[in-house]
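What follows is a pair of complexes built around chain A, which joins chain B in one and chain C in the other.
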Partner chain A sequence: MAPSPTPTTTSPSARRAPLAAARRPARAAGAALLPLVLLASGCGYLAGETGGGGADPGSAACEPYAQWQDIGGSVEMYGPIRDDEAERLRQAWQEFSDCTGIAIDYEGSGEFEAQIQVKVDGGNAPDIAIFPQPGLLARFVESGDALPLPDGAADLAREGWTEDWLSYVEHDGELYATPQASNVKSLVWYSPTVFEENGYEVPRTWDAMIDLSDTMAGDGLKPWCAGIESGEATGWPATDWLENAVLREHGPDVYDQWVEHEIPFDDPKIVESLERVDGILRNPDYVNGGHGGVKSIATTSQQDAGLPVNEGECGMYMMGSFYAANWPEDTDISEGGDIYAFNLPAIDEEVGTPIVGGGEFAAAFTDRPEVVAVQEYLATVGFADSRASLGRWFSAHRDADLELLENPIDRLSAELLRDPDVVFRWDGGDNMPAAVGSGTFWRGMTDWINGKGTEETLTYIEDSW
Partner chain B sequence: MGFDLLSELPKLLWLVIGVAGFLAVFGVLLLAVDRGPRTRREWWQAACFLGPAALLLLVGLVYPVVRTTVLSFMDGPGQAWVGLRNYAWMFTRPEILVVLRNTLLWVLVAPALATATGLVYAVLVDRARYESLAKSLLFMPMAISFVGASIIWKFVYAHRPAGSDQIGLLNQVWTLLGGEPRLWLLDQPLNTLLLIVILIWIQAGFAMVILSAAIKAIPTDIIEAARIDGVSPLQLFWRVTLPMIWPTVAVVLITISVQTLKVFDIVRTVTGGQFSTSVIANEMYNQAFRYGELGQGSALAVFLFVLVVPLVLIQIRSTRRSREAQ
Partner chain C sequence: MTPNRTDPGGRAPDRSSPDRRGPAQAARVRARLSGAAGSAAAIAIAVLWTLPTAGLLISSFRPEEQIKTTGWWTVPFDPEFTLRNYADVLFGSSSDGRLASYFINSFTIAVPTMVFVVLLAAMAAYALAWMRFPGRDWLFIGVFALQIVPLQMSLVPLLRLFSDGVAIGTATVLPPLDLPGAFQFTNVWIAHTMFGLPLGIFLMHNFISRLPSSIIEAARADGAGHGTVFRRIVLPLTVPALVSLAIFQFLWVWNDLLVALIFAGGSIEVAPLTVRLAELAGTRGNEWQRLTAGAFVSMVVPLLVFFSLQRYFARGLLAGSMKG
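For the complex of A and B:
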C-alpha cells in the first residue's frame, strides 16, 4: 500500500515556521476530508446501482403476474444451487421479474448448509433460502427465525403437492416452505443395449435382481458398481442403499420410526436390511465394476461411479434421478437406448416399491410484500413449468406439464412421484439431527465399506444419537 | 462467462472505498493526535495510536475467545448450560479420540520432519554450486496454497484397478516395483502419515530458507578453528553448526508446530476427514457449523487454543531471550 500523503505532526517545515503551523490543521483536515468524500460518493454509486425491468406490465405475456404488480422492490435469495443450474433458475423467473418489477437477487453457495447458519446468526439472513434438507429448515423453525408461509402461498402449496411432500415442512399445522425441485433416489441405472445383447431382463423382485447379479457375475460382468466419495459429504450414497432397503423390506411405518428414533438405529430390523445391502455392496463377486475391489467404493466419486455401466464394465448402478446429468453428452437415455433406469424392485410384495427421494424447499426469513409475492410465485405451477422447460429439473407438482420434461428419466421420476398410490418418503438421513444424518451416518457407512462390522457400525451410529 | 471489466467495476469501486476508508480513518486519527491536549502529550499520542489496535484485538480476539469458552459449557444450540459434558464427550467418543490421536501424530511428526528435511537440505547445498537454484526448487511449493498442494497430492495417491493405467504417481512406482495397486488413503494410520507428507512438502522450504540464513551467519573463524582442530564434517555439524543455530531451529520448530495444530485444508481436501484422518480443527468445523453442535465444536476449539498457548509463550520467551543476548 502506498504511504499516505497526509502531513504528520513532525513535518520539518511545520517545526521551523510558525506561519506554516497555522496552516497545518487545515491541511490535515483536508487530507482527512478528501477520503471521506470519496467514501460517500462511492457508496452512493453502489446503492443506486440496481436497474429496472424492461417488460410492459400491461402486455399479454404479463397476464399471469397481474396480482403481483405495483409491488416492486428486490428480494434476496440464497441457496445451494450454483453455476449453470443457478443460471437456469434465474431464467425461469425472469419473466416474473420483468413483469412485476420485483428483482430476485439469487446467490448460490457450495457451503450453503454451513453458511446459512452463519448468515442467520449474524443477522444477515436472506429473504428467502432454498433448503435441500427439511431437517436443516426445522432448525430455523425451532429457533423462530424462519417464518410460516403466507396464506396465499400456503393455499397454493396445498393444492399442488401431496401430503407426503408437505408433511416434511409442516410444523404445528403450519407450512413453512414451498417444494421446489424434486428427485427420486430409488433408481437403478442400467444399459438396455447390454441387457438386450445378453438376454437379461429388468428384475421385478429383489430376488430376481440377485439372480440376475449372479448370472452377470457368471458371464464375467461385474453386476454392480458404486462410489461414495463426495468431498465432505462422503458416505451418503451408501446411506441411500440402507434407506431403500429398510423402506422396501419393513415398510414406511418402520422407516418413519427409525428416522424419528422411535426404534434404535441398530434395531434388529435395520441390521437385517444392512445385511441385505452387505450381500451386494460388500460382495467381491458383485463389485466394483470398472473401479477395482470392494474398498474402491470408498474412494470412487459418486459422479464417476456409474460411468462403467455405459462402457459395459458394470451391470447396474443405484443412484438418484439427478445422475442423468453425469452421462456423456451424446448418450441416448431412453428405454431402448444406451442408458435407462428401473425402480429398485420390491423385497416384500405387500410393501411394494415406495419411493425414497428428496428435493428442495423455499422458506422465507422476512415478510415484506415483495417477499410474499415471490413466495406465492414459487408455489405456482407456472414457475414449476417455467423452470422444467429449461431442462434437468422436475417438480412433484400435481399439475406440472410432463410434456415439458425432455429427459425420459425426469419424466419417469415425475410420474412415479405424482402417482397417488405410490408412497413417498424423504431421504431419511436429511431428517435426522445433522450430527447423525450428515455426520456419523455418513462416516459410519464409509467405515463400513472400509471393512467395519455391520452391527458394530449401526451401534456406533446409535451411540452418537 | 468471460471477464467483463464493467461488471467487475463495483468490485474495483469497493477496493477504492476500502483504501479511501483506511486513509480517512488514518487522517482523522492524525488530526486527533494533532489537536490533543498539550499536557501529558506522550500519553495522549500513545492512546491514539494504540487505541485502534487494542480495539480490534478486543473485538477480533478477546471477545471470540471468551464467547467460545462460554459456549463450550453450553448445549448444541447454545441455550442451556451443560457443565463439563462437552469435554467429557470429547474424551470418551471413540471417533473424537481418533481425532485427538491424529492431531498428536501430526504435531509429533510434521514439525520435526519438516525442520529436519529443511536443515539437512540447507547444510548440503550450503556453498555448493547452483546453491540458489537448488534452494528455489525446495522453496517453490511454499508458493502453492494448501488446497492446491492437497489436490496435487490427491492425484499422487490416486488409485486405478490393477491392469489399467495408473494415474497416481505413488501407485505407478509401486506397481513398477511389483506391488498390487493400493488404496493408499484408506488404511490408518498410514493415511495420516501420507497427509503429513503434504505439509512437509510445503513447509520444508520455509525451514530451509530460515536455517540456511542462520548457517551463513555463523562466523567463519569458528568454523576455521574447528577445521584446524581436524573435525570431520559430521562432527562439524553436530558440535558446531547445530549448537550455533539452535535458537533458530527452535523458532522454526515452533512456527511449524503452530501451523500443524491448526491444519485443516489438507485433511478436508484430500479425505474430507474420512477414513479416520480427521484432526481437531476439522472436527471443530464439522461440529459447530455442519452439525449445529456449537457446544461440542467450541469445546474442541478451546482445547486447540489451550494446546497452542504454550507454544506461543515459548516463542515469545525465546525471542525475548535472543534479543537480550544481542
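For the complex of A and C:
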C-alpha cells in the first residue's frame, strides 16, 4: 500500500509505453475533445427553450378555467405514467395551462415507487405525485409529508366519486388525493369470432364458465391461457385470480377482513377460493393455451400470455382492462370483433359480480396557490373528460361522459364501475403491507403455480405477515 | 445499470508478465494458445459471447407481433424485417419522442463530468505521489477506502444537501442549489464527479507514482514548481492513462441510469438517453419490442468511443492498475 514511487525498478518496456504515447498526444487529445465539439453545438439548445404561446384568457374556450386565471406559476408533477400515455396526459391539461398560465411539468418514471421515497427523503418532493397504490400514499400520509386535499378539491372529489373509491385515500376523515385513471381487473378476454364459430356463449355464472371450459377442452381448444412472469413483480396476475375468487365467493366483507388481516391469510374460506382457482389454473386440461403445460404459466410474461386468444390457440384470458394496449395494433376490439372481454361471472348469486380494480390517485406535497389550482382542476369532470377523449383512459367519475371513450373495453369497464349497485374493491395486494402484498403474496403464488400445495402456500404467506 | 466501479481495477489481475517466468515457458504458452485447439476454443467462446447480442440485433429488425410470439432464431424460416422499431425509438410516437435532445443531454452530463474527474484525479494523484505533506499516506488510504462505499448509500444525503443546502444554526453555509438553464446539470455533474473520483485518483496515482523520479527531480532542480512539473512533465507522460480514465468515466456516466434519475430527473431538458430508454417500453411495459432497437441506438456512442480509443483504454488501464 506504500504509495512511494519506485522508479528504479520500472522495467524498460513499461517506460517505453508512456513515452511512445507521449509522442502522439495531439491525436489522443483530439479524440477526447470530439465530444466537446458536439457539446458546443448543443449549447444553443440549452440556452433557452420555452413552451408555446398561451391562449387568450378572455376567450370562450377559457370560460371553465376562469377561477384559476390570476395565479400563474408552475407545478412539478411526478408519476409512474410514461411515454405515450404521459404525452396524452400533457395534452389533456394543455388547455388548462394555456388559459391559466399555470405550467405543469410532468415527469414520469418506471422507478416511481422507489424514487418517490428518495425524492421525499432528499427534500426534493414533487408538488403533486400520482400514486398507483393507496398503500404507498398512506405511508406519506403517516409521515406527514403528503398534505390533505384543499377544501375546493375535496368537495369536488366527494361530488365526483363513490365512497368505495374515496375510502382508500381517506385518513382520519380527511381526503388526501383525487382519483385519476381507473382500471378493472375482473375481465376475461375472449375472441367473439371464435365463440361465434363454435357456438360458445359468454358464461353468466362461474359454473357455466367451467362447463364452457370443458366444452372447449373437448373440442381440442385449450380454454385458458395465463402468464404471471413480470420481472420483479412476477406472481401478481395469480394474486388477481385469488382476489377475484375471494370477493365473488365470500363477498366484500370477508374480502375486507382478509385484506386487513382480521382473518388469517390461510382462513378456510380463502383456501376454498384458491382451490376454486386451482381447478382452472392448475388443471392440465385447461391450461396453458399456446404456451405449454401448467408450469409454463410461471415463465410466460403477463404481457404475452393472452396473445394466443387472438390466434385461436386459447379460449379465455383473465387480465385487467389495461391489457387492451397489448393486442397487435390492427386487432378489432369490440363486442363482435376479434377480441372482447366479459366480467368474470358470479360464483354466489347473492354476492353478484363485485369488481376488483385499481387506479391512480393524485396527492400533493406542497400547498402553493398554483398547486391547489391544479389539484382542483384534476378533481373536475372536465379534466376526466379531456383525458378520456384522448383514448386508453377512463375515470370512475360519476358524471364522466362515456361517449368520449373510444375503446369499447374502456366503455365496458367504465359502465361496470359506474353501476350504482356494483361493489368496488381495490386490488387487495396493494393494500396489504408491502412485504406481503408485493412480496410473499407474489412469491407464494409463483411457488403455487410451480406445484406447491394450496394450504401450504397460504400458510407460508400467513406466516410472513 | 450501474457497473461495479472497482471492476476494471479488479479485472486486471497481476498478470505476471511472461518474460519473468523465462522465455521458454512464455514460448510454450504462446504456442499452445496459437494452436488449432486454442483458436477453436477462442472462436467458440467468441460465438457464445456474441450470440445474445446478435439475437437482440436480429430482433430489433423484426415486427412487433413476431418479436412477441416467436424467438429470433426462427428468422430463417419466416424472414420478415421492418425498421418500425427504430422509427419508434428515434422519432417516437409522441412529440417529445425526439431522441436528439436526450442525446445532447447525455453529452452535457457525460463530457463535463469526464473533464472534471480526469483533471481533479490527475492533480490529486500528483499531489499524493510527489508532494510531501503530513498525513499523505492516510489521505491516500482514505481515498482508496472510499471506493468500497456503495454510491446508493449517499443518494439521499446528497440530494438533501442539494435541495436544502447546509445551515449551522441559522447561518447558511451553503444555499440550496436551484440553478437555471444549462446549470440545471450542476447537481448531476457534482454527483458523478464525486462518485468517479476515488477510482480515478487511485488509477492515476498508480500511474503517476511510477514515473521516473529522476525526471521530476531534474525538473525541480532546474527550478520548476509543482505547477510546472505537473503541466510540462506529468501530464504529457500520462496521456494514455488520462485517456483511458476519460473513456472509462465517459462510458460509465453515459450508461448510468440511477444517478441521472435521482439528480437529473425525467424532464426533457435534463434527462439523459438512459432515462428516456427506460420509459420507452410504455407505462405497462406493453411496448417492450422498442427496447431492442433502443439498446442499439444507445450503444452507438459507447461503441464509437471504445473502438476509436481502444488502444489507449487497454494500455492505460493495465498500466495504471498493475504494480510495476
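By definition in this document, the second predicted complex is superposed on the first by the 412 of 465 C-alpha atoms of A that agree within 3 Å, B and C clash if a C-alpha of one lies under 4 Å from a C-alpha of the other, contacts with A are read in each partner's own complex, and residues count from 1 in each chain.
Definition applied: a contact is a pair of C-beta atoms (placed from the backbone, for glycine too) under 8 Å apart; a residue touches a chain by one contact, two chains touch by 3 or more.
Keep in mind that what you see is a predicted model, and the values were worked out from it rather than measured.
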Is A:G453 in contact with chain B, with chain C, with both, or with neither (first, second, both, neither)? neither
Please indicate which partner A:L307 is in contact with in the superposed arrangement: first for chain B, second for chain C, both, or neither. second
Touch test for A:S464: chain B only (first), chain C only (second), both, or neither? first
Report for A:A325: first if it touches chain B alone, second if chain C alone, otherwise both or neither. second
A:G110 contacts which: chain B (first), chain C (second), both, neither? second
Considering only the touch criterion stated at the top, classify A:E85 as touching first (chain B), second (chain C), both, or neither. second
Touching A:G279, do we find chain B (first), chain C (second), both, or neither? neither
Identify the partner contact of A:V118: answer first if only chain B is touched, second if only chain C is, both if each is, neither if none is. both
Check: chain A residues flagged as touching chain B and also chain C 1, 4, 6, 9, 25, 28-29, 31-32, 35-36, 38-39, 42-43, 45-46, 49, 118, 231
Can you name the residues of chain B that touch chain A in the complex? 10, 13-14, 16-17, 19-24, 26-28, 30-31, 33-35, 76-77, 93-95, 159-162, 181, 183, 185-186, 268, 272-276, 285-287, 289-293
Which residues of chain A touch chain B in their complex? 1, 4, 6, 8-9, 24-25, 28-29, 31-36, 38-39, 42-43, 45-46, 49, 113-114, 117-118, 139, 143, 231-235, 290-293, 295-296, 298-299, 433-435, 438-440, 443, 446-447, 450, 460, 464
What does chain C use to touch chain A in their complex? 17, 64-65, 68-69, 93-96, 101, 104, 107-108, 110-112, 114-115, 128-130, 136-137, 140-141, 144, 155-160, 162-164, 181-182, 205, 209-214, 236-241, 243, 246, 250, 261-262, 265-267, 269, 275, 278-288, 305, 308-309, 312, 315, 319, 324
What part of chain A is in contact with chain C in the complex they form? 1-7, 9-11, 14-15, 17-19, 21-22, 25, 28-29, 31-32, 35-36, 38-39, 42-43, 45-49, 80-87, 105, 107-111, 115, 118-119, 121-124, 230-231, 303-304, 307, 311, 322, 325-326, 328-329
